[in-house]
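What follows is a group of structures, each given as structure tokens.
The two complexes that follow have chain A in common; it is paired with chain B in the first and with chain C in the second.
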Partner chain A sequence: MSMLETYFAQLEEGLKKKLERKTTARRKFIYEISRIGGKMFDDNLSSAWTTVFVPFEILNAMGVAGNFIEFVGAMMAGAGIGRQYLEKAEAAGYSTDSCAYHRTIVGAALEGIMPEPDLLIGASCPCDGGIKVLKRIGEIYKKDVFVINTPYEYTPESLDYLVNQFKAMIDFIKERTGRDIDFDLLRQSIRNNNKAREYLVEALELCKNVPSPASSNDWKNFIMFVLLAGSEPAIEVARIYRDEFKEKVGKGLAGLADEKYRLLWIQNRIQFKNNLINILESKFGANVVIDELNYIYWEPMDEEGDPLRALAIRQITHPIIGNIDRRLDVLAMLGREYKCHGAINPAHWGCRQSGGARYMFKEALREVDVPVIHLDVDCVDERNFSEGQIITRLEAFMEML
Partner chain B sequence: MYYAGIDIGSLSTETVIIDDNEKSIAYNIFPTGANSKIAAQKSFNLSLELAGISPDNLQYIVATGYGRISVPFASKMVTEITCHGRGAYHLFPGTRTIIDIGGQDSKVIKLEDSGKVIDFAMNDKCAAGTGRFLEVMARAMEIDLEEMGPMSLKSEEEISISSMCTVFAESEVISLVAQARPKEDIINGIHNAICSRISAMMERIGMEPEVSMTGGVAKNSGIVAKIKQRAGGKINVPDEPQIVGALGAALIARDIANRE
Partner chain C sequence: MVSKKNPAEPKEKTLTGMSRMGWFCSYTPLEIIHAALLFPVRITGHSDPIIKADSFMHPNMCQYVRSCLDTALAGGYDHLEGAVFVNSCDAMRRLHDAWRKYISPGFTFIMDLPKGRSDADYGYFRNELLKLKNALEKHFSIEITEGAIKQAINVMGESRSLYHKLSDLQKENPPLITGKELMQLASLYFTVGPYTWNKTAEALFKQKNDAKPTAVNRPRILLSGSPIHNPDIIGFIEECGMDVVYEDMCTGSRFFDMIVENTADTLLDLSRAYLDKSPCSRMLMIKERTKNIVDLANEFGAHGIIHHSLKFCDTYLYDVPQLKRHLTESGLKVLLVEGDCTLGSFGQLKTRIEAFAEVLND
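Now for the complex of A and B:
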């Protein structure tokens, strides 16, 4: 058993025991995610390495276990084992200024600790750097890369185009694995998505309460939920979140005792172990009540029509894709509706896809009286993280609030 | 009663003691050296001695600066951004923008009319544009840090230092020295490099007059002249700019003690 396979197996086993003692939404979520990680090693499935915005429902309906490469980078940073793979990638010529999520996966592939993928599939949005990384990984494993070219704007024509992209992806998978798509399974996943969505919308709505029933880490990295999309466990995870927060609100229980400040988190969390959230909570009574990436932006999916079209609508309407105005509107709405006092934007080193909008984040949130702190950090490479410097900026921001 | 503020920076540690009337009764500037905890203790002891008081006479102590966690006897820790804001506003109540260039970081702080900090910008994680940057350049040119300001004012020709990185800028300076370019011009180029970084931060937070300058680099007349130009021709510089953070910390100590 490889080191990574052992890691997922132990994580799953440990969480299973904890869940037997007490079920919490967070535990259940991480447990299900660890099971997805473990599926990379399941010989009965084909495996795909992907970028983040790939419709995993289609992969599941074709018997393909998909994992997005940023998930692997985040997971390794969180486990404190990313450093050697970052160094490996750098030795292979990757600049330390490039994205560390991507450097980690390249290093891990070069070290041979990852299971060999059968497929490589990337989406052109929100980040095209990931596609280039997949290309490099494709060279290592002698595999082709399929690129889902996601249109920038949402028009009837661009939607048709994206649906055709999904069809081409299905052909690509079929050709390389011999596996066909089960459309009944895909339609079921659309129905499952809608059920999970209903619970999640309610759970997130409950977090608008003051104080919020959630603490800063309850929703941490919830973007990984996309790996569960369309599955039965996704419905279960979402339901437990809803139930847990509903009960807490009913009993008047706060996620963070003595919540004084409510914060909006822009983009990703910092993945390796650090003290920032602890300082925010314990020293300032500051609670991250909403993460931008957790917002359920999509409407209920069409259960009767073409499932590929339903998935394409969800993909193309993501606020992080296309005209920045939609994303700014979402940020301002979240800041206002969640009654936030401030927003934290850890501007990930080497990430190009949102750097250009930094100034606009600040302006959009200023309109709703939510000040923003941009933290120049590397969310994955802890060698590039000077905790004292970052804490000074964060503490000064909190003193300002 | 008395109140103390201790600012533990990367290069120097300062302590200021004030009385109930917010009047400074003693201060000192002490090299931080390798052990910030020892430096804080020594600077604190020296200030008590200068003030002629004992620790029992102090009602509240605030520690600030990057070494603020190294002061076990402090009542509270507050960041240097808030402390410089408080200190500069006390000295120059018309201050709305503060430029603080210290040993390892540079920052621009914006105040509202009440003196409260409403925004700030700091250098990225790099020493370019800081006191340490100037120290390295002075060493490369074999001149004293104090000489840099007056020498730069005698510059006759513009030289551009293109490197942002301290190490690369140092080698650029060494090669300019090797080309026998006048030191005055090289120093002026170094000052321009620092000021362009500061200007970007001033613009980012939306500079408003009056502008005050704090931190050790405010003792460099060449840099002050350049920033003054960018600030619209007027800039406040305290008699001892290096102690403004510690003064702000002492004032905050008094504010807190009075509230409690």
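Now for the complex of A and C:
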């Protein structure tokens, strides 16, 4: 059994035992995600490495276990094993100015610890780096990469264009794995998405309460939920989040005892172990009540029409795609509706799509009286992380609030 | 790049009273801008330290994008009626956002650019061209006729042929035109009209074609990679003891490396031409890109490749390991350099470039 397979198996086993003792939303979520990780090694399924915004529902409906590469990069950083793969990638010529999520995964692929994927499927958004590194991984395994060009804006023509690309993607998968798509399963996944959405919208709405029923880490890295999209476990995870927070709000229980400050987190969390959240919570009573990437931006999906079209609409309307305006609107709305006192933007070193917008983030949130602190960090590469300096800056920010 | 003190001001006007339209990426369909009777001016940023733009963008964005914004914030592009962007990379998307918000409004448009060559890609990009045409017509209250687009295609086609005629002079040993001279000519295209440029290029061709330089055996190199706007950088490499016999950059040959068909659907012709041209790194076609470089190196008798990556440019940086492997496998000697596209950054690489020349001499 490979190191990675062992890791997911142990994670799944450990969480299963914990869930038997007590079910919490967070445990259930991580448990299901660890099972997804384990599916990479399931011989009954084909496997795909992907970027983050691809329609996982289509992969599931074709018997393909998909995993987005940043998920593995984050997981390795969290487990404290990313450094050697970063160094491997750098030795192979990958610049330290590139995204460390991507460097970790390419280093791991070069090191041979990744299971060889049957397929590689990536989208042009949210960033250039994701699709580029998928191409490099494809070269390591001598496999073609299917590229989805996510259109810049939502128009009837661009929607058709994306739907046609999904059809071509289905052909690509069929050709390489011999697996056909089960459209009934795909339609079921659309219905499942809507059900899970209902619960998630409600659960997130409950977090607008003061104090929030969630603590800073309850929703950490919830973007990984995309890996469950359209599945029964997704509904279950979402329902448990809703139930847990509903119960807490009903009983007047807070996620963070003595919540004094409410914070908005922009883009990704810092993945390796660090004390920032602990210090924010314990020293300042500051609670991250909403993460930008957890916002459910998509409307209920059309259950009667073409499922590919429904998936394309969800993909093309993501606020991170296209111009910055919708993303700024979302940030301002979250800051206002979640009654945030401040926002934290960990300006991930290798991220251009966010780095180029940092002033715009500040400006948009200033309009709703939410000050922003930019932390110059690398969310995955801990080698240059100066925790003391970052904490000093955070402390100054909290005192200002 | 031009000095910040002298932003991209056209050196001459071919038609009086023409409004100027800024553009950045070589996938911008200049034919449509010309057909709108607008004067396209390439926005090249500057080579100086960034003054204002770092307040708006993280310093880990490339010098090109930050310096374009920096110049614009200082009013350096106030003479333009607007700017046409291409969704070519993350940094350019953010530049477009910043431009809309912090630079004087005018006309601002961004075109999407697919990374592919399927019929669906050609059709999609054709629609992007149509959107640009419609937006220009609406903003300037004009009509862009089919005839005007075809005329622009023709005159630009002549320019492209002329450029290749001049470029072919570099196949001679010694080259009949230096890399710096050719890059100066290419840069001129971005500041004067094509009719004027064609006359200049024709005259230069006659002059250079008749030249009889003394044979000196210097290493011949092909320069590839991120855009370099300043011809002095090519001159600097040549001063290090090599002849730059071809450059594979969107500020030079890749801008001119395009053939537009002439069918009933002119916009589709343009769409195909732009998507089919020699791909830059963002198009994800590394095999084709590498093959082009190797074929051109052989055709032009290059002994080695200098590949330049712009610092913080993901599209080029992520290609470097694979590109180096492919090029080395082809038997070519390769020098990889990273910088910010300024003469200063190349100056710091002088020792490495000179050492590379010595290796090639051996």
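Points to keep in mind about this one:
What we mean here is this: the second predicted complex is superposed on the first by the 401 of 401 C-alpha atoms of A that agree within 3 Å, B and C clash if a C-alpha of one lies under 4 Å from a C-alpha of the other, contacts with A are read in each partner's own complex, and residues count from 1 in each chain.
Convention: contacts are C-beta pairs under 8 Å (C-beta built on N, C-alpha and C of every residue); 3 or more make two chains touch, one makes a residue touch a chain.
None of these values were measured; they are calculated from a predicted model.
When the two complexes are overlaid on their common chain A, residue A:G178 makes contact with neither chain B nor chain C.
Of the two partner chains placed by superposition, only chain B is touched by A:S386; chain C is not. Set against each other, chain B and chain C touch different numbers of residues in chain A, with C touching more.
Contacts of A:K132 after superposition on the shared chain: chain C is touched, whereas chain B is not.
When the two structures are aligned on the shared chain, A:A347 is found in touch with chain C, with no touch to chain B. Residues of chain A touching chain B in their complex: 371, 376, 384, 386, 388-389, 392-393, 395-396, 399-400. The residues of chain B lying in touch with chain A in their complex are 66, 78-82, 105, 116-120, 122, 124-125. Chain contact summary for the complex, chain C toward chain A: residues 55-58, 60-61, 65, 87, 89-91, 93-98, 100-101, 110, 112, 114-116, 118, 120-121, 123-124, 127, 282, 284, 286, 309, 311-312, 314-315, 317-322, 324, 336, 338. Contact residues of chain A toward chain C in the complex are 92-95, 97-99, 102, 124, 127-129, 131-133, 135-136, 139, 145, 147, 149, 151-153, 157-158, 161, 164-165, 168, 323-325, 347, 349-350, 352-353, 355-360.
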